[in-house]
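Listed below are the structures to be examined.
The same chain A turns up in both complexes below, where it pairs with chain B and then with chain C.
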Partner chain A sequence: MSQINETINRSNVRTLFEKAALHRAENWSEFVRRLPYFVAGLVLSLAFFFPFYWLIKVAVMWPAGSLYSGDPSLVLERFELFNFVRVYYEIPFPRYLFNSIVITTLAVVGSLVTNSLAAYSLTKDFYGKKLVLAFLIAALMIPYYVTVIPAFLVTNRLGLLNTHLGVALPFMTFIIGTFILKNSFEAVPDSMIEAARLDGASEAYILFGVLWPLAKPAIATNVILGFIQAWNAYLWPLVIVSDRLMQPLPLGLASFSTRFDGSFTLQYAFAIMVLIPVVIMFLLLQKQFIQSVVQSSVKE
Partner chain B sequence: MKKQLYNTIRQLVMLFEALTLRRLLINRFVLVIVLAMLLTGGVQGYVSANNGGTIDGYVVDGNGDPVEGAQVNIQELGIRNQYEGNTTTTNEDGYFVFTGQTEFLEFRIRVTTENSQAVERHHLYFEGQEREVTIVLDAES
Partner chain C sequence: MSISNLPEKLRDRSSFTLSRKGRRSLIAWAGLIPALVILVTYRLMPLFWNVMLSFENMRYTGETTWVGLENYQRLVEDPVFWDALFNTILFLGAVPIGVTIALGLALLLNKQFPGSNVFRSMFFLPYITMMVAIAVIWSYMFKTQGGVINFMLQEAGLIESNIGWLSNSWWARASVIIVHVWKTTGFYLIIILAGLQNISPSLYEVARIDGASKRQQFMYITLPLLKPTLGVCALVGLVTSFELFDLVQVLTGGGPARSTEILITWIYKQAFEFGNFGYSAALTIVLFVLMAGLSLLGAHLQGGDYV
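Our next item is the complex of A and B:
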């Protein structure tokens, strides 16, 4: 199935590139025919890229007053990394980064394990399975904000306020991830699982030793979704973290923005510092992410 | 039940053993982390070796000749604050030096002589960075 999807995916992408590849035009009419595709693609990519360009442009401005003085310009006139240095010295950035990394790691590992266990059990037939599925889908309809107070009360009772585990706990499972893994596990032939069972494999081994290696794109999607969710979390840490040194990066960014209200160059620099790990993570896992999206959109 | 549990644990250990050290260590995630750590270590090492906090330089006139006896004032600039500065005087070579400036990130240097004045704004990339500046006094300044 993955091969078929890969072929479909590649051919779609290739068609787009073929249409836009001006340098491959064999004659003038072909060139003119392709030109609109190329221009449309260029305009769209510039439109999408512009907010990032502006973010970088403001973040590398120094002195900060140059943002307001003179005529506004789209051109990057001066490139200075000083704002990043200033941010680093003004706040305990390494501590915030450490908090974010620990919380995200706990959330990603926790969500992988719990989602896998839930997904594996949902691939089996058992009494009340449809009710459980309906319950999970119904749970998707509950707004996140409604769950904050009960989650706070539970975390408080567990004595996990102001701890990394307390922040990570609500992110240790998410229903979308469970369904992605369930779909992926269901695509594995039963004969393969039976063969593993006949060889004496336990259920845990079947899940982690047989199904996991076969569901890599789904696992990668789970990692990416879990990572983004935990990394960007703002409201939940705001509710349960009162110690400044336990704040993750988004909370640090918010308090920084309040503290240095109006210092856009510094705020933009900090926003880039928060954004970089997410971009790196996406770049490392983009192949699996795209594969997974394609797989989930085309059923065998 | 006990045997089943033992069997499960044994198989999970086998699964972990199948992840060889090579596969665990040599992958793009670990390489990115190692690269980041190496970069951070290198930067920290460079900062430790160059954080003496000396800011010095020369004051020259429009012809490039040293200006002796000019008043040089250095003032730390915060995000919203300006701090009280230190003042020194240039020697016969036009040279001035401020030592122990280990808490500066951004500063303003004001040079004043009897008939001219110059103001420059500078920044450092880490606290205590050693920096040399040359200030040119011209007729208009």
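Our next item is the complex of A and C:
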């Protein structure tokens, strides 16, 4: 009996080894088979990435003389931070950064609150719900770029020209964010909300204490979309802000590029300083960024 | 508790829930107010005001005079308007180009080889990058003398003499399209990859058993099933084309000789550089009708027949 067992075991072991060897070979051939894809992907993505490489390469170039004499060289030769220092002293960079941070924070926090309130309302069954939904879907068709001139006149009437709030206000709600939160809130079982209500929870507690913790991905999506929108906006602040000290970063960068026309090392350095917050956020939260952007376009 | 009691009880309950619905409506509307106030002030009201403004003349002082259709008549006679309209439509060409490139890239990245996620992120990065910064980066790359693009093209032996990317009107238009394609392709890629994941692998298996070639699989399975996804790409591409304002304003300034002017930059200039708010409102109406028409068309095509 034991002998039989042994033979079985041995043959088992042998087949296992053979299988492993086969598997290794398969893996190897699989790898070889996929190598062309890998190479193609690498080449194409590097080509796509080139402008960013160029951005860094030129921004750390000093002295700038070699920029104008003869052909550009593609390799990174020197790494100097002088351009950044020079930009810092040429313009009120901290002021621009402060403006951008205030505007973006107002927009992100504001839109999170207004979108959540609206989304929570839309999960309920109430008089006029159809009307509101129809209005939201119609308003989705009006991009803010189209209404910029009358919206400027409205802001003027409100006395909000050249203020942080004036720039942030139109960004303080966005319809897609509302719908994403609504879908997420609707996925929470009614029994949980009922239980909270029976325990005497207020509406505010149900929204912020019960639904919010369960809707973290939707909240992340709202924050990310609100952040990208407000941080990158150019036309709206351009219209609203005429005071140099109230300019956010995109305006600062655009006016800098006209003032230092031709000084590309400085322009590039400034561009890096503007892009760093978004790029760092993206590197840390790649998955959420990509999911957010997919969700923002593929509504259910 | 007999059955006969039930109808009355139910009636009681229903009147009770009705009043509850009233209370609930009050709370719901209270929650909706902040979002609705912002949307009405910044989307709906401006749209109506814009329609009114397009029949008026308004100066910086805020006085308005009724001028009837004068602004629209001026539109017809303004050669820059026709150029801007042409360019607005021409630059939408970046959408099909970007979607086609993205489709190719998606089919490649869908092979799931090591590193494909990293590549995906690299393609995606331009999409979330600030347009103003992108315009700054490319304006140096496009320089006629010492620009890296001309340099690389010459090194590769593709061109004899330097191209005036930003100084020749047609090359300037091409530059705008190139940059916009570069910025948006990563987005289309992500959407198409998500669409590809939704196609069941068993369909391909069945097709393979039936002896369908790779090309046939693509033509008769992948493409038809991707149709709604491609529709989403087109619709979003239409919306992101508004970002061209930032690009044109910083990269070319609408030049050379207004050859890259688009409707939105012309609207901005008419209002805030020349102070013709009424005329720019009329331009806005044209832009709005154009975009609304195209997005309705897109939605119609997207909702069309598919398996």
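Definition applied: the second predicted complex is superposed on the first by the 248 of 300 C-alpha atoms of A that agree within 3 Å, B and C clash if a C-alpha of one lies under 4 Å from a C-alpha of the other, contacts with A are read in each partner's own complex, and residues count from 1 in each chain.
What we mean here is this: contacts are C-beta pairs under 8 Å (C-beta built on N, C-alpha and C of every residue); 3 or more make two chains touch, one makes a residue touch a chain.
On a predicted model such as this, the values are computed, not experimentally measured, just so you know.
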Contact-wise, after the overlay, does A:P63 reach chain B, chain C, both or neither (first, second, both, neither)? first
Please indicate which partner A:E90 is in contact with in the superposed arrangement: first for chain B, second for chain C, both, or neither. first
If you stack the two complexes on chain A, which partner ends up touching A:I280: first (chain B), second (chain C), both, or neither? first
Identify the partner contact of A:Y205: answer first if only chain B is touched, second if only chain C is, both if each is, neither if none is. first
Quick one: classify A:F260 as touching chain B (first), chain C (second), both or neither. first
Contacts for A:Q229 in the overlay, against chain B (first) and chain C (second): which applies, first, second, both or neither? neither
In the three-chain superposition, say which chain, chain B or chain C, touches more residues of chain A. C
Shared contact residues on chain A, chain B side and chain C side combined as an intersection? 203
Residues of chain A that touch chain B when the two form their complex: 62-63, 80-82, 85-86, 89-90, 200-205, 208-209, 260, 263, 266, 280, 284
Chain A residues touching chain C in their complex are 34, 37-38, 40-42, 44-46, 48-49, 51-52, 54-55, 58, 67-68, 70-72, 74, 113-115, 117-118, 120-122, 124-129, 132, 135-136, 139, 141-154, 169-170, 172-173, 175, 178, 203, 228, 231-232, 234-235, 238-239, 249-250, 253-254, 257, 264, 267-268, 270-271, 274-275, 278-279, 282, 286, 289-290, 293-294, 297-298
Quick one: in the complex, what on chain C touches chain A? 21-22, 24-25, 27-32, 34-36, 38-39, 41-47, 49-50, 53, 105, 108-109, 111, 113-116, 118-134, 136-141, 146-148, 151-152, 182, 185-187, 190-191, 194, 232, 235-236, 239, 242, 245-246, 249-250, 264, 267-268, 271-272, 277, 280-281, 284, 287-288, 291-292, 295
Chain B contacts chain A in the complex at 4, 7-8, 11-12, 14-15, 18, 28-29, 32, 79, 105-106, 121, 123-127
